[in-house]
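In what comes next, subunit A is part of two complexes: it sits with subunit B in the first one and with subunit C in the second one.
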Partner chain A sequence: MKRSINFKQVLVYFLAFLIVLYVMAPYCWLVLSSLSTKADLLTTPLKWIPPHITFDNYKAILFGGNDSTSDAGSQFISALKNSFIISIVVTALALFLGILAAYALARLNFRGRKPAILTVLLVQMIPPIALIVPLYIIMSKASLMNNKYSLIIIYLSFVLPFVIWIMKSYLANIPAEIEEAARIDGCSKLRAFLTIILPISLSGLAATTIFAFIMSWNEFFYALNFTTTLASKTLPVVITEFSSKHGADYIMTSTGGVIASLPPVLLAFFFQRYILSGLTNGAVKG
Partner chain B sequence: MQVTNKWKEDRAFLLFIAPWIVGFLCFFVGPAMASLLYSFADYNAITKPIWIGIDNYTHLISDQVYLKSLRNTLYFVFIGVPVTVGFQIVLSLLLNVEIPGIRVFRTLYYLPYLVPPVATVIIWIILFGSGDSVVNSLIVLFGGSNVDWMGTEGLIKPVIISIGMWSSGGAVLIFLAGLKGIPRSLYEAARIDGSGPIRTFFNITLPMLTPTILFTVVMQVIYYFQMFTEAMLLSKGGPNYASQTYMMNTYQVSFRDLNFGYAMAQSWVLFLLILVITIVLLKSSQRWVYYEGSEKGGSNS
Partner chain C sequence: MTQKVLKRITNAMDSDKKLGYLLIFPSLLVILGVMLYPFLYSLNMSFSKMDFANRTMNYIGLDNYIRMFKDSYFINSLRLTGYFTIVTVIAEISLGIAIALVLNQKFKFRGFVRGIMILPWALPSVVNAIMWKWIYNPNYGALNALLTQMHIIGEYRDWLGEPSSALHAMIFANVWKETPYVVLLVLAALSNISGDLYESAKIDGANAWQAFWKVTLPIVKPVIVVLAIMKSIWAIQTFELPYILTGGGPGGGTELLSFYIYKATFKFLDFGMGASMAYMITLVTFVLSLLYIKFLSKDGEIV
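What follows is the complex of A and B.
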């Protein structure tokens, strides 16, 4: 018996190692390219480990003053700022508006509750390109083109339903008896929600926060079409330009890619222990 | 509870649904209706739209590039979705085994999900580029010869699906949550009955996982139908339109050809396709999805 368990463990470790290799190797390659010099990256045959490690690319992208790309530095920093502002505002607003709406959907009975939930799925199904021209017209009529507000509004239109959906099933799993007890003690519905339901749904909130942040942080399609100036361009757009406009600058693109992946990675790392428990208790049970 | 009192309390929450409803009407229903109208018009976004009836829709049948993009997308949906979801299930089963140190692995595997798609595509260009790319160098190392991954019609789609698989950590997370939700008592009962690991998987794990599978399949179907970033940046639709996805084609019809009416017609056909497949999946789910209890979980959409 004991021997078979050991064998099983070895097998699992081996498979897990293969997966880590599959998962990590591509990302490591991105990091390695960002640390390479241009000359080393272009030599043949391929160098498995770059002979010269340099942080110049990071310096160039963050502080400018490198000849490799015209004005990569200034573009990247403003895009980084835009991405942060947009993602944080969208996440905060979506969570604030979403959790209360989710609670209303999970607990209160009112007409139109079921169709309201179905619309969340509908929003996902319409291809963004179907909406882009009408949205474009609305944004230019409201003089919001090339301005962070247009992206914030558009992102909210799909992040908010997503937050409502996840939080609704999470809240529905919290036994109603818990708040009923508080209600008998004379708590109002709103107070019962704020003092009892909200604290015990923190792990669900943490998981939802990460998903909402990543959705807006990584969004590419609307950003590509709604931003043409530095005042509103987000990271994915600027990084893409490194690889297309300036003659396929892979080094700048990978450097930008590494930096762009850091906020979600740090966020996930920070909330790590909440993510799985948050999803286990709610989210997608049917 | 008195009616007035209940209304007073519920009002606070209905107030918080209002922003969503208003946003939904202004930024979703409104634009959707406008776009539906434009799909029956000749419209270039500069001059006034001209009503042409269903011409945009009938034109689709004879548009060879469109039909190829449709076929490519159906390939992605009918091959990409099962492969990706199967991979995710295997991955989550593996990560669900309780052995020392498995937590580290659980943290690592969703790293790709956090990498922006734009950066992921760059990784894939470095990995699968023609000539001395990483994958080719490995093949040469083991005595093979260079493969033109991006330039061969039959290879580009699997390469793109491998991106979808790589970055699917989010769904693995959901599967892991699903696995954690299976009551331990079921496994103990199975062990007492002498059921082996394979039978336990098919009789307990898989049926209990079906709600999660349904959810993930619907999400992946939508993802593959709307595939844009990866195909657009990796291979720009080539070679010979082999990686031209539906969304990409519609995007080019809009912003390259400025044929917005036609593009809207295409996007509504895409929506209908997604809608029909989703409805089929949801309807058929009554037969293959196992729900514990009647409405546990509350999410009965």
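What follows is the complex of A and C.
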């Protein structure tokens, strides 16, 4: 009997090891590539632990290095800035507008509430490819092409419904009695929401903020079609260009890829608890 | 006087109806303006012949739709997308359940192993695509190095140079990124199963395999159905992988629908057919969404 328990334990550890390897190996290879010298990376047979670890690639991409990379470097920095500005503005706007709407849809009773909820859910399913040409026409008529504003507005259109949807499910879970108690004390509905309900749904708020940021940060399709100059190109666009235009420089692409992945990956790691609750709330419960 | 006005505003703010409309108005404005209006606009486009230079649109009825079904490239991408979607969703869900079952066992570092599941989920799809493009590289790629060093293949191969292996390389890259999401949701569902259920199954003489089918699966089934629908919606819209990893090639072998529509629209400037094809995707995702809504609202009020 004892033997079989041991065997099961060994099996679990072995499988867990395989899982870790499967999940981590591809990304670790990307990180290792970004820390390697070109000569080491292009040898066969390939060495899995690079003999020389270097941060030169990071220096080159962030501060401009030799002639061949300085162009890439300046592009990268401006894309990094654009990505941050756009993601932060979109997140802030979507949270502000979305929380109010979510409160209305979760806690208030008015005509048109159900159709509004349905709209919020269904518009999330519209494929971006079905919107891109009309948006293109609208943005060029409004002279917003090649401009951070156009991306901010467009991102808002898919981040906002998501924020509403997920915040609504959080707010709906808060017992009505809490709000009623505040109302008896003479609070208006909005005030009860802002001072009582919102503070206790802080974990939902945290999850929603992170989701909104990651969604905007990772977006590629709209960015690809709405940005053509440094003024508005975001990181995903510039990294994709690294992998195609600059003679497929895999070290620079890896370096850029690692940097671009850091904000969402670190956020996800540090706020894991919130993200898990957000995933289960938004995706399954609805 | 001011007090009276303020009071009236406060009263208005306290009526569910007025406050409700006030609060959803800004969001609805954005959603209607930036999504619904373009959405209807492109419906119009799908029934028109569009001249971008002269800004004219002529109504031509179902022509674009008829042309679309006669387009062999479209049929090809439809077939590929169907295959891609079915294979990735089945692989993600079965692999996801398997990993979740392992991570549901008690072992040291379990928290850490569960923790790293978030990595592929958080990774930008663009980074996922360039990462796999580098791993699959025909001359210096890690996959070639690994397989030759393990003596599984004799010489380096061009994984993305042949339609079938390119498509499956793309499927693998997508499964890698999307599976952890399944793991996390299935784990959450598994944590709701009490140990008592397994105990009583054991007493009834069930082995581990039977316990999985009779106890575990029925409880995680709702999550799996929801995941299958959502994952299908996302898989159908996959764009980054064909765009970055393969460019749709070789020979159109990885030209998924989103990518082909993108090409038809921006390369061939066939806006009408681009729109009608986009509406095909939309139709499929809407049918899936309705299933999703129906499924969600079955147990409890959702909408």
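Some points to look at:
Please note the rule applied: the second predicted complex is superposed on the first by the 250 of 286 C-alpha atoms of A that agree within 3 Å, B and C clash if a C-alpha of one lies under 4 Å from a C-alpha of the other, contacts with A are read in each partner's own complex, and residues count from 1 in each chain.
Going forward, a contact is a pair of C-beta atoms (placed from the backbone, for glycine too) under 8 Å apart; a residue touches a chain by one contact, two chains touch by 3 or more.
Fair warning: this is a prediction, and the values are worked out from it, not measured in the lab.
Look at subunit A after the overlay: subunit B and subunit C clash there. By the document's definition of touching, neither partner reaches A:192: not subunit B, not subunit C.
After overlaying the two complexes on the shared chain, residue contacts for A:106 are found with subunit B alone; subunit C is out of touch. Of the two partner chains, subunit B is the only one touched by A:173; subunit C is not.
Touch criterion not met for A:151: it reaches neither subunit B nor subunit C.
Of the two partner chains, neither subunit B nor subunit C is touched by A:60. Of the two partner chains placed around the shared chain by superposition, neither subunit B nor subunit C is touched by A:182.
Contacts of A:212 after superposition on the shared chain: neither subunit B nor subunit C is touched. With both structures placed on the common chain, the touch criterion links A:95 to neither subunit B nor subunit C. Residues 9, 12-13, 15-16, 19-20, 22-24, 26-27, 29-30, 33, 44-46, 97-98, 100-101, 103-105, 108, 110, 114, 116-121, 123, 125-135, 137-138, 153-154, 156-157, 160-161, 164, 188-190, 214, 217-218, 220-221, 225, 235-236, 239-240, 243-244, 250, 253-254, 257-258, 260-261, 264-265, 268-269, 272, 275-276, 279-280, 283-286 of subunit A touch subunit B in one complex and subunit C in the other.
Residues 9, 12-13, 15-16, 19-20, 22-24, 26-27, 29-30, 33, 41-42, 44-46, 97-98, 100-101, 103-105, 108-114, 116-123, 125-135, 137-138, 153-154, 156-158, 160-161, 164, 188-190, 214, 217-218, 220-221, 224-225, 235-236, 239-240, 242-244, 250, 253-254, 257-258, 260-261, 264-265, 267-269, 272, 275-276, 279-280, 283-286 of subunit A are the ones touching subunit C in the complex. Those residues of subunit C lying in contact with subunit A across their complex are 10, 13-14, 16-17, 19-21, 23-24, 26-28, 30-31, 34-39, 41-42, 45, 99, 102-103, 105, 107, 109-110, 113, 115-127, 130-135, 137, 139-140, 142, 145, 148-149, 156, 176, 180-181, 184-185, 188-189, 222-223, 226-227, 230, 233, 236-237, 239-240, 243-244, 258, 261-262, 265-266, 271, 274-275, 278-279, 281-282, 285-286, 288-289, 293, 296-297, 302-303.
Against subunit A, the residues of subunit B that register as touching in their complex are 9-10, 12-14, 16-17, 19-20, 23-24, 26-28, 30-32, 34-35, 38, 45, 91, 94-95, 97, 99, 102, 105-120, 122-127, 131-134, 137, 140, 166, 169-170, 173-174, 176-178, 180-181, 211-212, 214-215, 218-219, 222, 225-226, 228-229, 233, 247, 250-251, 254-255, 260, 263-264, 267-268, 270-271, 274-275, 278, 289, 291, 296-301.
Taken in their complex, subunit A has these residues touching subunit B: 9, 12-13, 15-16, 19-20, 22-24, 26-27, 29-30, 33, 44-46, 48, 97-98, 100-101, 103-106, 108, 110, 114, 116-121, 123-138, 153-154, 156-157, 160-161, 164-165, 168-169, 172-173, 188-190, 211, 214, 217-218, 220-221, 225, 235-236, 239-240, 243-244, 250, 253-254, 256-258, 260-261, 264-265, 268-269, 272, 275-276, 279-280, 283-286.
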